[in-house]
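Read through the structures below before going on.
Paired with chain B in one complex and with chain C in the other, chain A is shared by the two complexes that follow.
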Partner chain A sequence: MRLILNRIFLIFSTFAALVGLFFLGWILFTLCVKGLSGLSLDVFTKDLINGGLRNVIVGQMMMSGVATMIGIPVGILAGIYLQEYGGNSKTTEFIRDLSDVMMSAPSIVVGTFVYAIVVVPTGHTTGWAGVLALFILMVPIIVRTTDDMLKLVPIELREAGIAIGASKYHVTMNIVVRYAKAGILTGILLAFARVVGETAPLIYTSGSSEFWSTDLTDTFPSLTVSIYNLATMPDDNLVQLGWTGAFLLTAMVLIINLLGRYSGKKKRS
Partner chain B sequence: MELIFKKIAQLSASLVFVILAATTIVLYLSAKPAIEEFGLKFLIEPRWGVQEKVEPPAIAEQSDLKQLEKSADIQTDDDFIKDEEDFMMDDEDDFIFDDDMESDSNRNKTIYGALVPIVGTVFSTLIAMLFSIPLAIGIAVFLSEIAPSALAKPVGVAIELLASIPSIIYGMWGLFYFGPFIASLFGGNTVSLLVAGLVLGIMVIPFMAALSRDAIATVPDMLKESAYAMGATKLEVIKDVVFPYAKTGIIGSIILSFGRALGETMAVAFVIGGVYQFAEKVTDPTNSIPVVLANSFAESSGLSLSVLFYLALILFVLSFGVIAIAKFYFLRRK
Partner chain C sequence: MKNMMEVKGLTFTYSGANEASLVDVTLPVEKNKVTALIGPSGCGKSTLLRGMNRIHDLYPGHTYEGVINLLNTDGKSYTNILDIKKEAELIRLRQRVGMIFQKPTPFPMTIFENIAYGLRLSGIKNKADLKDIVEQSLRDAALWNEAKDRLDHDARGLSGGQQQRLCIARAIALKPEVILFDEPTSALDPISTLAIEEMISVLREKYSICIVTHNMQQAARISDFTGFMYLGEMIEYDQTDTIFMKPSKKQTEDYISGRFG
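Coming up: the complex of A and B.
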C-alpha cells in the first residue's frame, strides 16, 4: 500500500511538472513561430508608422537605459548605507523591509503615482515620466542585491583596510564594493531585464508614439505599450508586428538574464 | 569627503521610504474627491457609471467602450454634486483629454463603484492560485526530490528564466491561443474570468516553483537521509520531513505569488474582457482593478479620474498587506 501510494504520488508530481512545463513550452513555441515569421530587416530599419519597430525598440531601450543610469548610483548607495553604515538599527531594518515590499508592489500603482505627480502637472505624457516610473520599480531591486552582496564580503577585509589607516569611504569603495562587484553587476542586469519588459507603468506615463523620437520631454515611443496596442488591432498585419515585437522583447529579456547569470557565475567560481 | 559620502548614501536609502510614503499620500490626495463623494460605500457599489447600455462583446473595442461609457451617463440631476464637480474641474483643468463628452457627463451625477473590479480581481486571483499551487509545488518537488540532477539543473534554470518573461507575453498568448482553446473546451467567451485566472496561474507558476524549490532546498540532507534509513518511502519523506520543514517558505512563496497575481495588469488586460459586470459563470467576461486602471486613465478627468486613484489606492493597500504578510511572517531574512 505504501509503495503504491508512493508510486501514485511520484507519478502525480512528475505529471504536474510536465503540465506546467507544457504550458510554458507552448507559450515559447507560439512566440517563436509567430515572431520569427514576421522578422525581417524592415522591422529594424523602419519606424512604427511605416510598419517597423525601430523607434519603439530604441525608445524602450532609452527609457530603461536612462532609468538604469539614475537607478544604479541611487540603488547602490542605498545598499551601501544599509550594509556599511546602518548597522542593525531599527531604521535600517525598516527601510530594508520597505524596500522588499516595494520590490513586489504592483507596477500599475507606480504608474498611477507618476501620472499624478508628473503627467497631471505637465499636462501630457513624457518620456521622463516613463523613466521615473521605471526608476521607482528598479531601485528596490538594486538595493536588495547590493545589500545582499555586500553582506557576503568578509569582515576581515574591512578590518584590514581600516587597520592600515584607510578611511571608511576608501574601504567601502575600494575594497568592499570592488569585492562584491560581480554580484552587484548581476543585480543590475536582472533589474534592467525586469524593467525593460514593463508595460503597465508606461501606458499612461510615457504613452507611445509611432514616430522616431529621442526627446524625453515628449510622448515617447515604447515597445511594450506598442505591443499592447498592436495586439488589439483588427488588422492582421499589425497583430503580426505585435508578435514580432513580443518575440524580440522576450529574446532581449532572456539574453540579458543569461548575461546576468553568466557574469555572476564567472566571478564566483 | 567621508561625511558627504555618508550623507549621500543615507539620502539614497531614505529615498526608498520617501517614495513609498509619497505614493500613499499622493494616491490618497488624488483620490480624495472620490472618497468624499462615495465614501466606503464605493467598495460595495456594483454600478460604474451607467453600464446597462454598454456591453461590448470583445476587448478589441475597449477604446470605444470608454467613449460609450462617457456618453452614457446618469439621469439624476443633483445641483449640489454639480457644483462640487465644477469646483474640482476648476482645480484640475489641465488634463490631457478634456473633451466635450467629459463636460457633458459633469451635468449629471455619475455613480462609480468598485465592487465589480474588486470581485473580478479576487476571483481571478483565486482561480490562478487553485490552478498554480498544485502544479508549482509539483514542479518544485520534482526538481528537488525526484529528477536526477542532470535534469533538475537545466530545468531549474529554464523555470527561473521563464519567471522573467514579461507578463504582456502571457496576456497576448492568452488572447490568441489559450482563450480560444478554453472556450472550445468549456464553451463561453474567449475572454473571461476563467481564462484570466488560468493565464495568471500559468504566469505565476515559474515564480512560485522557483521560490518553493529554494525553500525545499533548505531542508538538511541529514534529515531526509535519516528518514530514508528508517525505511520511509519518498512520499513519506516529502510529506513528513520535507514539507513540515519547508512549510513557512512554501507558504511564503504562495502568498508572494498571490500578491503578484493580485496586482498583475498586462496578463489580465488581454483576456478578462474589461466589462463592468459580474461574471455569472466563470466563462463570462468581467473586470479587475489593474485592468480598469490600465484602460481608463488617459480618457478620464475630474471625478472619474479621482475614482481611478481611489481604485489604485485600494489595490495598493491590498497588495501591500498581502506582500507584507508574506515577507514578515513567512520569508523573514535571517
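Coming up: the complex of A and C.
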C-alpha cells in the first residue's frame, strides 16, 4: 500500500513539475522565435525614435544601476544592524517583519506611492522618481539576504575576533562581512535582477522616452515601459521591436540570475 | 609574585538566569605553569575561563561578583579586571590574555593576514616587523614548515589541526601573558591533539596557561595544577599529581575514577 501511495505521489509531482516546465519552455520558445527575428545591429545602435532600442536599454540599466548603488549601502548596513547590533529587541523584529512584508509588496503599489509623493507634487515624470521606486523595491531584498547570510557566520568567529583584541566594529567589517561576502553579493545580484525587469513601478514614475537621455531629472527612457507601449502599437514593425526588447530583457535577467547562482555555489564548495 | 592571575570568590550569573553559574570560585593561575580545569559538562569550567578575558561581555547583561586579578606588567601589583569599564581597556586586556577556542576559527583571510590582522589592530604597521613576527609566531606554533610556501593562501584551506595551530600562532603573535585554551583539541584527531599538547608544554616556558579539558588524561599529561569543578563550584584545586593520585575530596575521586560525569 505504502509503495502504491509512493508511486502515485511521484507521478503527480512529476506531472506538476512538467506542467510548470512546459509553460516556461513555451514562453522562452515564443520569445526566441519572435524576438530573435527582429534582432539586428540597429537595435543596439539606434534610439527608439529611429527604430532601435539603444536609449531604452541604457535608460533601464541606468535607473536600475543607480537604484542599486544607493540600495547596496542602505540594505547592507540595515542587514548588519539587524544581525550584529539589534539583538532580539522589538525594534529588530519589527524591521525584520517589515522587510518581509515589503519584499512581497505588489510593485504597482510602490509605483503608485512614488507617483503620489514625487510625480504629483513636481508635476512631471522623472528618472529619479523611477530610481526611487526601484530602490524601495530592492532594499528589503538586500536587507533580508544580508541578515540571513550574516546569521550563517559561526558565533565562534566573532568571539575569536574579540579575543584577539578587535573591536566590535572591526570584527563586523573585517571578519563577519568578509566571511559572508559571497552570499551578500548573490543577494545584490538577485535584487538587481528583480528590479531590472520591473514595469509597474516605472510606468507612472519615469515614464518612457523615445529619445536618448542621461538626465535623470526628466522623463527617462525605460525598456520595460517601452515594451508595454510597443506591444499595443498598430504598426507591425513596432510590435516586432517590442518582442525583441522582451527577448533581450529576458536574456539579461536570466544571465544575472545565473551569475547570482554561480557566485552562491562557489562559496559553498 | 608567582601568580599571573587570581580568581577570588567569583560568582557569575548569566543574563536572565535565576541561579548563578559560578559560585564563590577561587583559582590561581601560576606564572609559567599549566593549570587545567576539569569537571563534567555544565560544571562551569568554560564559563570561568571566558570570564578571565571578559569575553562574556560580548553579550550584555551578565553579572560578576568577586575579583579576577591580573598581574601588572611591573610584576608587583595586581589589577582587578572586573573593574574595567572602557572598551579600549577591554581590548588591551584581551591582547594580554589570549584565547583559543574548541573549534578552529581561521578568519576569512590569507594565512599571513590571519596573524597580521591582530598585530595591525595592536598598532604594528611596519611591513618588515609584521613579516618577522608572523614568521616567529608560525615557528612557535610548529606551523612554519607547512605554511611558509602558502602564506598568501586562504587559511580555510588548512587542515583542522593546522587551523588550530594557526589560531595559536595568531594568539601568541600578540605576546600575551596568559593563554586560555577552551577544549582546544576536542575537535581534532589524535595526531593533531598530540601536536597541540606538545606545543602547550613548550609554550609554558614563555606564557602562563589555563586549559579547560574534557579529557582527564590530557589534564594529567600536560598540566602542573588541576582544578576540579562541579555544579559551578571549585571542589578541589591542587598539584595535578595530588588531584589524580590522592584527591582529598570524595567527589573528585569519584569523577577521576570514572564513577560519574
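Quick notes on this structure:
Note that in this section the second predicted complex is superposed on the first by the 253 of 269 C-alpha atoms of A that agree within 3 Å, B and C clash if a C-alpha of one lies under 4 Å from a C-alpha of the other, contacts with A are read in each partner's own complex, and residues count from 1 in each chain.
One rule holds for everything that comes next: contacts are C-beta pairs under 8 Å (C-beta built on N, C-alpha and C of every residue); 3 or more make two chains touch, one makes a residue touch a chain.
Quantities reported herein were computed from a predicted structural model and do not represent experimental measurements.
Placing chain B and chain C on a common chain A by superposition gives a fit, with no clash between them. When the two structures are aligned on the shared chain, A:Ser167 is found in touch with chain B and with chain C.
By the touch criterion defined above, A:Leu5 lies against chain B but remains apart from chain C after alignment on the C-alpha atoms of chain A. Within the superposed three-chain model, A:Arg178 lies in touch with chain C and out of touch with chain B [touch as defined at top].
Counting the residues of chain A that each partner touches, chain B and chain C differ, and the larger count belongs to B.
Of the two partner chains placed by the overlay, only chain B lies in contact with A:Ala16; chain C stays clear of it.
Using the contact criterion defined above for the overlaid structures, shared-chain residue A:Leu157 touches chain C, although it does not reach chain B. The superposed model places chain B and chain C at 120 degrees from each other around the C-alpha centre of chain A, with the value given to the nearest 10. After superposing the two complexes on their shared chain, the closest approach between C-alpha atoms of chain B and chain C is 11 Å.
Taken together, the two complexes place residues 167-168 of chain A in contact with chain B and also with chain C. Residues 1-2, 5-6, 8-17, 19-20, 22-23, 26-27, 30, 59-60, 62, 92, 94-96, 134-139, 141-143, 146-147, 155, 157-159, 161-162, 164-170, 172-173, 175-177, 202, 205-206, 209, 233-236, 238, 256, 259-260, 262-266, 269-270, 290, 293-294, 297-298, 308-309, 312, 315-316, 319-320, 323-324, 327-328, 333 of chain B are the ones that touch chain A when the two sit in their complex. Interface of chain A with chain B (complex): residues 2-3, 5-6, 9-10, 12-17, 19-21, 23-24, 26-28, 30-31, 73-75, 77-78, 80-82, 84-86, 92, 94-102, 104-113, 115-117, 119-121, 123-125, 136, 139-140, 143, 167-169, 172, 190, 193-194, 197-200, 203-204, 207, 224, 227-228, 231-234, 239, 242-243, 246, 249-250, 253-254, 257-258, 261.
Touching chain A in their complex are the following residues of chain C: 53, 55, 58, 60, 87, 91-92, 94-95, 98-99, 101-103, 105, 107-109, 117-118, 121-122, 167, 170-171, 174.
By the touch rule above, chain A contacts chain C in their complex via residues 87, 154, 156-168, 170, 174-175, 178-179, 181.
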